[in-house]
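The next part holds the structures, each set out as structure tokens.
In what comes next, chain A is part of two complexes: it sits with chain B in the first one and with chain C in the second one.
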Partner chain A sequence: MQLAYYPGCSLQQSSALYDVQSRRIFSELGADLNEIEDWNCCGATSAGKVDDFMAVAMPARNIGIAEQAGFAEMVIPCAACYSRTLVAQQRMADDPALQTTINAELGRPVNGTLKVSSILEALAALIAQGALKDRVVHKLTGLHPVCYYGCMMTRFPCTVPVPDDVENPQGMETVLKALGIRATDWNYKTACCGASAVVNDPDTAHNLMAKIMKDAVARGANCFVVTCPMCQMNLDVQQDEFCRRHGIEERLPVFFITEIIGAAMAIAPSELQTDRHFVDGTTLLKELEQHDEQSQ
Partner chain B sequence: MTTAAIAYSALCIAVLGSLGRIGRWFWIKIGPENQEAPSLRAAARSFAATLKAVSAAGLRRPLRSLAVDTLFQLHILKHDWRRWVMHMALFYGMVLLVVLHALDDFTLKPLGVDYMPTLNPWRFLRNLGGIMVLTGVAMAVWRCRADPFRKRTRSLADRLARTFLAAMVVSGILLESVQILSPAIFDAMVDDYAFSDDIQEIEALKTYWSSSWGSGVTAELPTDDAQILALGQEMHAAFCADCHDRPQSAFLSYPVSRALKPLADRLDRLGLEGLLWYLHFITACLGLALLPFSKFFHLLATPISLMVRAGGPAEATAPALRSVRRAMGLDACTHCGVCSQHCAVAVIYQAIPNPAILPSEKIGALKRWTNDAQSPVASQLAEGSFICTACGRCTQWCPSGIDLQDLWQASQKDLVRRGRGPAHHWIRSQNAAQWASGAGSKPLNPAHQAHTLGLGDNPETFWACVQCTTCTNVCPVVAVAEDPHRDLDLTPQQVMNLMRLQLRELALGARMVWDCVTCYQCQEHCPQGVRVADILYELRNEAVRRLQPIAPRAQGSEDAQGEA
Partner chain C sequence: MSEPALDFNPGPTKSFLAEVIERSGQPLTACYQCRRCAAGCSVGDETDNLTPNILIRMVVLGDRDRALNNALVWKCVSCYTCGTRCPNDIQTARITETLKKMGKAEHVEPLEPQIADFHDAFVKSGLRWGRVNEMEFMGAYEMKFALRKIREKDYGAIIDELKNQGRLGMEMTRRKRMHFGFLMAKGRNEIKALQRKSKQRAR
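What follows is the complex of A and B.
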């Protein structure tokens, strides 16, 4: 199965491990992620935030590139890129005049046929087709993850066609269930991690993350599972700091969903660069694997 | 004598200028590591630290870089073979010309080889060097025109460099073709070297040279008389052949001399040979003198930068060396534009015509700002710098191996420290009321009105707001504030109320607007469908445009948040 793939800036640099994981896991599940050529920033943190035309035109350019390359579906693992691209597509669909104006500027115009998928949507589709059949090696019994979706996978500036429930999303739970893992129920799955407030208002961001952390700990979770690289980075990199400031003893690794799938399929954590996290997650995965082997 | 003086002066300027520019690497400070004022002592320390770090890294990797990156330039070939062909043609063309021609007194003659500029292979190699450089220049010009980014961003420095190279080679070709042709030179050479008083013999030589050696000298005797030609050839073998190979081997100059042949005598009368010689000599000397002050400086800076970078990534090097590496990087840039072709935010340049959005231009702006902190380029640089999303593609592609990502991160911190940070830094210098008192007198300049959703200008946006406070109640930022009134100035529903009353100046500087994390909880939960989060977003953009001109510059020298 051939899918267009938009990594975006985060997966290029600060969350490069998510790029490695996404490519690997999709290929293991029988789908090829084809990075679209000459893509540009989705606009989420650059011009899209100051110029509303660019907010639509920048993702539109990427959509056009994917469509003209003949793809029917494009996977976007980064939640911000996914949200911006989906919203841009919707706004062009709602406003044909805007689409015409933007197309006039594009070398590869948008015709509106591309399906923009979040990583969860694409994974769920593959799993529904049986891609995981006989592939689960480790049951990872004892993994008690809380699925953390954050804002950008669930709330959008306008009505867009998302396949999940925005108040109680189930995408990650569904994927985990297919691996035989039961996610821990909790209250903060769509709360905000503070996003870029980590830079301009760290007190607020740390406050927000401490609340998220406290609920996860109180529910007995032993890790977070996320799909948004911004949430992952904030909860992982800042964890020591906000836990210290808010008197939280525990530390929980923050896994991408791709890492959990990889661990279940017995792909070595180092191959997925799990060892690059700030809060160690490899020890937990190793313990669970050993536990699995002993119980067999 | 004068010519030697000119040549040595040019060499002195080149050497001293280069030393000066290299010295600057240790003088200027880029990045947060070291903030002491520039001084000779600091420069000496940073030089010593660099030497120490470089010697600790060992010679293997730098030497490998010299071979792979400088001699074969494989890093360019890896990305773009056409660029590699262009650059290799320019580089090795110039190497040929400099070693075998410009410096022949120092390279070939001391070696005792059978050297004479009019003998082969030297004559052929000179023309080969010439055509390589001309091909390289032509490819450079063509590439620049064919690429929309480079077309818009090519600079005077690029054109100057190309013009110089082309002028040097073209004047050389013209000079050689006039020399092949010149009857006056022929006569002078005959006077000096043809030891014969026999008019018949001299005339035969003239005829032979005119018919077979391309000279423009007028033959008095018939050129188809085999006997005369045989005598001419005999004379040639006796007096000329030791120093002259057939001029056809000058495959560039010879055809030019054929085209000029009808003008041979007139060119001599104009003294063109002398003029061209000086033109060629002066352009070459000027090129040498300009080396440290032009694009040509990358000849030194780029290999050095590549070798130093081969020692390891920026974050793994000693803090003292980081600033030096960044300064080297500024000089190693050849303004080739590859970074901008791969920049993830380059498309924004089409909407916001600030060249400093493009990495290839941002580095130039940074260079100017480093030289002069008061330079008007500062605001351009600041805007461009904070549009960057740190995707790192520029660094990945840079053929000069500059760690651009590290350079941008360091210069962003410098910008913040000197009061040029993004809006969330300067907005905190006043509270909402203080901003409001100034904002009222500064209406939005229509020229600054970018594309917006226009929510604030449309009364229907707030029509439905019933002040139910749902937005405030679901706001996580309000929830974590100890005292929302003190910490945030206004709550979301109060901002919406000000919007309803068309008092939005009062909201522009409100902390609520600036601390909003755009989680869209308010908008999602609003029972009346008010686009609360989008309105806060729009307010921030309006605030940047309206308040930035009245923002106090250079507030708080050390902004702790900027370092976060």
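What follows is the complex of A and C.
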């Protein structure tokens, strides 16, 4: 199966591990991710605060590139890139004059046929086709993840065809269930981590993340599972700091969904660069694997 | 004689409201103050009780100066919870985003200048190179931060920021989360052409 793939800037830099994992996991599940040629920044959440026209125009160029290369579907693992691209596509569908204006400057214009998929939609489709059959090696018994979606996977600035429930999304739970893992239910799955506020307004971001962390701990979770590189980075990199400030003793690794799939398929954490986390996650995965082997 | 609670000036009030509706695309006059937005606001603890419904009322009543520059406009993290829950489909985060831009166009000094600087630095990096370079835009942001603190004679804040960011940078490097190459898209000329078009449209 051939899918267009948009990594985005974050997956080429601080969250390069998510790029490595996405390519590997999709290829293991029988789908090829084809990075689209010469893609540009989607504008992320900042463009909408600075320039509304560019917030549509920047993702539009990427949509045009994928369409003109003949792809029917493009997978975008980064939650912000996914949201911005989906919203740009909807804005152009709602306003054909805007699409014409943008297309006039594009070498590869948009025609509006591309399906823009989040990583969860694409994974769910592969799993529904049986891609995980006989591939689960480790049951990871004892993994108690809370699925953390954040903002960008389900809430959008305009009406788009949302593939999951807005208040209680189930995309990650569905993928985990296919691996035989039961996610822990909790209250903060769609709360906001503060995103870039961690740099420009740290107190606000730390307050938000402390609430998320406290609920996860109270529910007995032993890790977070996420799909957004910004959420992963904030909860992972800042965890010591916001826990110290808010009197939280526990520390929880923050896994990308791709790392959990990889661990269940017995791919070594080092191959998925799980050893690049701030809060160590490899020890937990190793313990669970050993526990699985002993109980067999 | 007591001061009037509100100076109502219908002409400018209507034109301010019309501009916010036009630019944000949000039907502000549909708000009936049910406060579902207020109940769900992620930054509700940070905005001195200035909830999304109050911001909408400020705009409707033409309280221009306060509406353009307040804690909610700047603390809003665009999580879109308010708009998702609004029974009248008003996405207040689009209104805060719009008020940020209107304030900038009118050269209002932002209440939280570092937040404005951050988004500017991020978008500039993306537009200049076609892709955002984390080190470059963070460098530009930290430079603006330092210059502002020098003007405020708050040298301690610069030292704290340097310490924090330096430590973070080292930890990121140690864990191979720092990228030292440079990202660029060949098609950035197309991006620049679109940017020129955007400026023409704004005129």
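To be clear about the criterion, the second predicted complex is superposed on the first by the 291 of 296 C-alpha atoms of A that agree within 3 Å, B and C clash if a C-alpha of one lies under 4 Å from a C-alpha of the other, contacts with A are read in each partner's own complex, and residues count from 1 in each chain.
Keep in mind that, in the parts below, a residue touches a chain if its C-beta (ideal position, glycine included) is under 8 Å from a C-beta of that chain, and two chains touch if they have at least 3 such contacts.
This one's a predicted model, so the numbers in the text were calculated from it and none came from an experiment.
Q: Mind checking chain B and chain C on superposed chain A, clash or fit?
A: By the criteria stated at the top, chain C and chain B clash after superposition.
Q: Could you tell me if A:Val237 is touching chain B, chain C, both of them or neither one (first, second, both, neither)?
A: The second partner, chain C, only.
Q: Tell me the contact category for A:Val198 with respect to chain B and chain C: first, second, both or neither.
A: The answer is first: A:Val198 touches chain B but not chain C.
Q: Pick one for A:Arg276: touches chain B only (first), chain C only (second), both, or neither.
A: In the superposition, A:Arg276 contacts chain C only.
Q: Once chain A of both complexes is superposed, is A:Thr101 in touch with chain B (first), chain C (second), both, or neither?
A: second
Q: Where does A:Met58 make contact in the superposed view: on chain B (first), on chain C (second), on both, or on neither?
A: Both partners, chain B and chain C.
Q: Kindly classify A:Trp39 by the partners it touches after superposition: chain B alone (first), chain C alone (second), both, or neither?
A: both
Q: Residues of chain A touched: more by chain B or chain C?
A: C
Q: Which residues form the common part of the chain A surface touched by chain B and by chain C?
A: On chain A, the overlap between the chain B and chain C contacts is residues 9-10, 12-14, 39-41, 45-47, 49-54, 57-58, 61, 105, 151, 155-157, 166, 191-192, 194-197, 199-201, 204, 207-208.
Q: Okay, in this complex, where on chain A does chain C touch?
A: Residues 9-10, 12-17, 38-41, 43-54, 57-58, 61, 101-102, 105-107, 151, 154-159, 166, 190-192, 194-197, 199-201, 203-204, 207-208, 237, 273, 276-278.
Q: For chain C, which residues count as touching chain A in their complex?
A: That would be residues 23, 25, 42-43, 45-46, 75, 77-81, 83-84, 89, 91, 93-94, 97, 100-101, 112, 114-115, 117-120, 122-123, 125-127, 130-134, 138, 141, 168, 171-172, 175-179, 183, 185-188, 190-191, 193-195, 197-198, 201-202 of chain C.
Q: Applying the document's contact rule, which stretches of chain A touch chain B when the two form their complex?
A: For this pair, the touching residues of chain A are 8-10, 12-14, 39-41, 45-47, 49-54, 57-58, 61, 105, 151, 155-157, 166, 191-192, 194-202, 204-205, 207-208, 211.
Q: Applying the document's contact rule, which stretches of chain B touch chain A when the two form their complex?
A: Within the complex, chain B contacts chain A at residues 344-348, 350-352, 387-393, 405, 424-425, 450-453, 476-477, 480-481, 514-515, 517-521, 523-524, 531, 533-534, 537, 541, 544, 561, 564.
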